[in-house]
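Mind looking over this structure? Questions follow.
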Amino acid sequence: MYDMLTALINGALGWGWPEWALNLLSYILIVTIVLVVAPLQMLFFTYYERRVIARMQDRVGPNRVGPEGIWQPIADGVKMFTKEDIVPQAADRIVHFLAPCVVVAPTVLMFAVVPWGPGMVPVDLPTGLLFFFAISSISAVGLMMAGWASNNKFSLLGAMRAVAQMVSYEIPAVLSLIAIVIIVGSLSINEIIAYQAGLIISNRDLPGVPDLGLGWFVFTPVGFVAFVAFFIAALAEGERTPFDIPEADSEIVAGYMTEYSGMKFGLFYLAQYVLNFLLCAITAIIFFGGWQGPGVGWLYAQGITPANPNGNGLFNVLAGILGVFYFLLKTYIFFFVMVWLRGAFPRLRIDQLMDFGWKFLIPWTLANLFSAALWVAFTRWGPAEGMLITVGWSPVLRWLAAFVVTLAINLGVYLWLTRVYAASQAERRRAELEELSAAA
Amino acid sequence: MLQTQELQVNIGPQHPSTHGVFRMLVTVDGETVVDLKPVFGYLHRNHEQIAEANSYLQNMPYTDRLDYFNSMANNHAYAMAVERLAGIEVPERAEYIRVLMVELTRILNHASAVGFMINDMGAWQTPLAFGMREREKILDLFEMASGARLMCNYFRFGGVVRDLPPEFIPNLRELLRALPAYIDELERLLRDNEILLQRAIGIGILPPEVALSYGVSGPVLRGSGIPYDVRKAEPYSVYDRFDFDVPIGKVGDVYDRFLVRIEEMRQSKRIIEQVLEQLPDAKGGHINPKARQNVRPPVGDAYARIESPKGELGFYLVSDGSTKPYRYKVRAPSFINLTPLADMCRGYKVADIVVILGSIDIVMGEVDR
Amino acid sequence: MTASPFEIEIPRGRVIEVQRDDTRVRWGGGLLRGMAVVWKHWKESFKLNRSYSQIHGTFTIEYPEEQPRIPEAYRNMPILLYDDETGHELCTSCFQCERICPPQVIHMTQAKDPATGKPVPAVAEFIIEYDACMSCGFCAEVCPFDAIKMDHEFELSTDDHTRLTVHKEQLLRPISYYAKIAPTMWAEVRESALKKLQGNVRRRPDVIGLAPQLTEKIAARRAELAAQAVQAAQAAAAAPAAPAAAPAEGRKLTPEEKAAKLAAIRAAKTAQAGESATPAEAAPAPPSPAPAGEAAPSADKAAKLAAIRAANAAKKAAAGEAPATLPVAPADGMAGDTPADAPPAAPPADKAARLAAIRAANAAKKQQSGDGS
Amino acid sequence: MLNAVPLPAVLTLAAALFCIGLFGALSRRNLIGVLMGVELMLNAVNVNLVAFWRYFEPRYITGQTFAIFIIAVAAAEAAVGLAMVIAVYRHYATVNADEVDQLRG
Amino acid sequence: MEVVVQMVFGLIALFILVAAAMVVSVRNVIHSALWLIACFFGVGALYLLLEAEFLAVVQVLVYVGAVSVLILFAIMLTRQISGEGVRQLTSRWPVVLVVTVLLFATVMTPTLINQQWNVPPAPPLGTPEPIAGPAELGRGFVNEFLIQFQVVGVLLTVALIGAIVIAFEERARRRKVLTLAEELELKRLRERTTQTETPEPVEAEPVARETRPASEG
């Protein structure tokens, strides 16, 4: 992105600015874009969610403000801004004030590593994925602050639930991503996207596959399991419906947000929706190729890239537009799925959530990690690494073997775990009964 | 989870899922409920005292306001009580129309009760919206017949306000055609849903002995496995002319109550079909309600009970020979079903309270009166 | 639990135990099925759900653009009916609705004959507190005269609480309105209601029991008819053989027509009496170009004009001897029936018209008496 | 960084942090406060390790590796320490170190 | 550029020290924990300045995301939150203060004497371009630091188990609130045992009361 800007300013416009000015300018520009885009996504998402879920419930949804109600989020925002900001008397005022900031800041920071299109990543960190999750874990502190500072039992209960949930579901989320990281061999988000070129099969796994930008991880057994596990964990991280326990309105009113009003409440809302956007985006990026899609790779190859500095800038723009289109399309589809789940399911109880996370999701993702290692072993390792079975196999055969083996493992583990999980619950009930009889 | 100190949490009176202004003073140990004290009376409207100052007919619209979901059922019970007191005969067609209306009420009540219960479990309005959709259509029918959707005020002593309008029966038949698909869909949405199973199975168990000792009735009692139904135990109106089954649960938990409600919707549909078959034609049907505006029953008392969708609804009236009831007492199923709440919730988690409350299906208008 | 010890005999029907199958190991199929149901709803939601047999489709009614279907029996707030043709209210103030009203929000006073002080079967003031009304519909049910009915209008919201105390003027609707919103229900009671109305109207003196918003119109109509009568009287004076001026319409006599006729006859009489003395002076009343009131483009304007002209003519006739004491003469024995004593204060315009007509009559009378003395 | 800030400056910072942590660990009554002091000390150690790695051996990963080990140890220490605090609290209903004075309870 | 770096370093150092000082001095334990988080952030920023990118991210992930949350949790679970009016320091804190200041002085004195602050030392030999990406670290973990890595892994596992064991409340001591169904079940079981064994008098008091612990907090 910065190289493109540099090329634009010095090449196309011919200004010949010094490097530091260029850097400053491009950083400011990109930060501005990110800061503008994040709230816009949130505004769109609130509208989108309300319309979609209304349709699912045979309703129409907000359609009065502007054409088809498109200005509804703006109206909501105005309402938020004009509402009175109430701070409870017994609250810890400073912490109460800081909490929304601590919750919002990381969500905006997370945009720093999200690539929107080919070459359009604000900062291409080599540890991008880790950065993403490290930053996302900060907001747990903000939630805790909010819950504690409000000096309200519902708030505290909600905050403790939220933090317990976020901390426990970070583990399966990261474990499922590590499976992908093992296959790619890099934490850089750009690398992960680049790996997913191909057609159904990634052309890194099986060289020679035509690049249509469709070699997504979700088509592999490892990727699919990781996707499902990650998406479930993302629902918990983003406090979406089957796991929206922290703000379970039918139980603890609004959780940690109970004592917030006005724009502070709006900030929590903002953080939540921006986080949802980011989780959908990261799902799209890691498992569905991000901006990868038919045509983007070819277009980008013609443009100005670090590898090809003499390309045509027009192709960059075209690839960017197409890439952003694919990326946003996938992201919105995932948000649709989130809304769909919200429309369909009740929520779990906190202990059931913990049970599910620790007793089902984590073993499952661990098994998937093993499959990922097998996948690497089958597709990439040779005798040098001690992989002697595949010696002499053609790449297709190796790929097929990897596919079959991982599929068998993942499916088997899944079915076995459902059984074990059900059995463990029955066992617990039995143990309780036994205890009773012992007490008698 | 880890703490062992007891904490008092006030759920309500202003709370999203207390079904009105109801307050539960919950003592929790971590997330486990140790004790629960229901506090109600926030919606007390002096119903019984007002009724004693009104004439018999004037009370009819007030009974609508008891359980505002099932105004038809309330009307039925009250009309029956006054008829019993004053010895008024009800023409056959009117009886059939009454049964029809009350069974429609049962369907709409159960549809939305299931929706509300799932809402308390945290579903974001969808099952409720689906339940409401069917409810709306039945309410449209009510409006067609009585002129109002919720506060129907349709029954009169010795009949109903007016005969069914001509477009009522065809529309009802259409509704009945769609009803099985609708109930099946509701079941498909929820019945096997693993999350719902997790939340509902083994939660809020009300053993049959306890249920009996609390005097619980309706789907809550049947969910506990006791096939007690006033329509069967003491057939009133023309209920002895219909075939229908009584669904009961096995364990008495939230899931049983949910399933019993769904099955009862099917049975109600069966009854309505039989009503439509047997409905006598309009000749000599309902009587003119104007003649009954000054009911002056002889001195005495009467108790009439019906199987309202929420349970056994009874009206006890004492007459001193004037146009006003001397004593007027409502046996409200919501109120009596609510009494075992504390016992039902003890030992479960905080999040289960609202689900258990939702599965009892209360209406505060009836609880507080 | 255990086998239930609760043996209850169920006549006609079985006791069925619900299918729980909660011991099955589940793999998430129930979740997917639930999602499929929601998906179906989402997909179908772009169609409308308007019939009773549909279970999919949007069933929102987008309200201001799309009005809800309101069945005939719908009841919202009570209204009072009056007859379109004559403006007579159906209400006779029998107090049945006031008595039955459960929240006691109906208040009324009975009209009294101003001459005799006796109650007449009409309502003087009728108030319903809409804010406390529970829309039970008892008032409409018990009304023996079908005068109070339940309205279909539901857009009653207001920011002014006092406007929810509704007076007779706002409560009154013509019968045609009710017949439009509830045709069959009106058709059932139409005959008896109108018959009862006829019976009551007979006992109502003059404008008592008329819809207040119509009194203006009716007064104007009366004045017009009176003017007509004056003309007719003059015509009759010119040609004594002519019978008393009859209204142009051949239909039954409405009270104001009756009154007009009466006035006409009286005017004719006085004119005749005056004419016997000075026929030449009464004669020059300008012959009105408009034939009868109903042909004129603006009926009551013409009527007023005619009345004023008649007054002028009469005044001119009296100008000679009698001092021009124009104030209204004290009413004679018959005044109770004359329009001059219409109890409700009418708006100034038609008051003037009425006054003019009366003056015309008085002047003619006075002249006659003056001439006679 | 290397040219602008001398290594001793970073080390001074680390030392100061360590001393503050030490003060906290030794003087706070609250057991959790003590743990927080220990965390500060561990962080100071980490700063030292990273500084030495950066200034002396940026081509070798040893410094960072050990920093990561220390972070892991710190995490383990926090987990066990806090578990102990909770156990103590459950037993004595206090988390003040000087009130926990019984050997058996 | 150097001035900028110096300024940034100075700010970060100041921030870290102030935050650390607040950690040990504020009364409210929650505030203290929040200052600790701020201090962790400052250290993370320092790592970034030292070009240890991966470590900075790990610092945030582990310390801010996990350890501090754990601390906050522990504080809230032990319910000694506000600490107002309660002495937060032990009575011997002046002694401790003197000791720590002396320690600091001992460490600093040779530096102050020897170091020439104005002259930055020449950069060490070789390229200053550091290599410590995640890939290199990973390779290090599975090659030269394999044993240490395993040991840390074992340590973490042991710590995990240990924490659970320490914090775990034995079932017998944990308070169990019986549900209605369990109560009835219990009663039934009792009746069965009393019928089969001895005709000892059945305790008639309600079961729920009985299961409450004798000690009141």
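Couple of notes before you dig in:
As written, the chains take the letters A, B, C, D and E, and residue 1 is the first residue of each chain.
Here is the rule we use: contacts are C-beta pairs under 8 Å (C-beta built on N, C-alpha and C of every residue); 3 or more make two chains touch, one makes a residue touch a chain.
Please read these numbers as outputs of a predicted model, since none were measured by experiment.
Farthest chain from chain A (centres taken as the mean of C-alpha atoms): C.
A comparison of the B-C and A-B interfaces places the larger number of contacting C-beta pairs at B-C. Note: the chain lying farthest from chain B is D, by mean C-alpha position. Centre to centre, using the average C-alpha position, chain C and chain D are separated by 91 Å.
One inter-chain figure worth recording: chain C and chain E are separated by 83 Å, centre to centre, where each centre is the mean of the chain's CA atoms. Between the Cα centres of chain A and chain B there is a gap of 46 Å. As a whole-number value, the distance joining the C-alpha centres of chain A and chain C reads 69 Å. Contact of a single residue of chain E with at least two other chains is seen at positions 54, 58, 66, 73, 77, 167, 169, 178, 182, 217. In chain C, the residues that touch at least two other chains are 26, 28, 31, 34, 37-38, 41, 49, 59.
Taken residue by residue, chain D touches two or more other chains at 86, 90, whereas all remaining positions touch fewer. Considering their complex, residues 1, 4, 6, 8, 10-20, 22, 26, 28-31, 33-34, 36-38, 41, 49, 51-55, 59, 71-75, 100, 102, 134-138, 141-142, 144, 150 of chain C touch chain B. Looking at the complex, you find that chain A touches chain B at residues 53, 56-59, 153-154, 157, 241-242, 244-245, 248-253, 342-352, 429. Residue ranges of chain C in contact with chain A, taken from their complex: 23, 25-28, 31, 34-35, 37-39, 41-42, 45-46, 49, 56-60, 62. The residues of chain B lying in touch with chain C in their complex are 54-55, 57-62, 64, 126, 130, 133-134, 136-137, 140, 143-148, 151, 153, 161-162, 165, 171-172, 174-175, 177-178, 181-182, 185, 188-197, 201, 207-208, 212, 225-229, 232-233, 235, 240, 242-252, 255-256, 259-260, 263, 289-290, 293. Chain contact summary for the complex, chain B toward chain E: residues 2-6, 29, 32-34, 205-207, 209-210, 252, 340, 343-344, 346-348.
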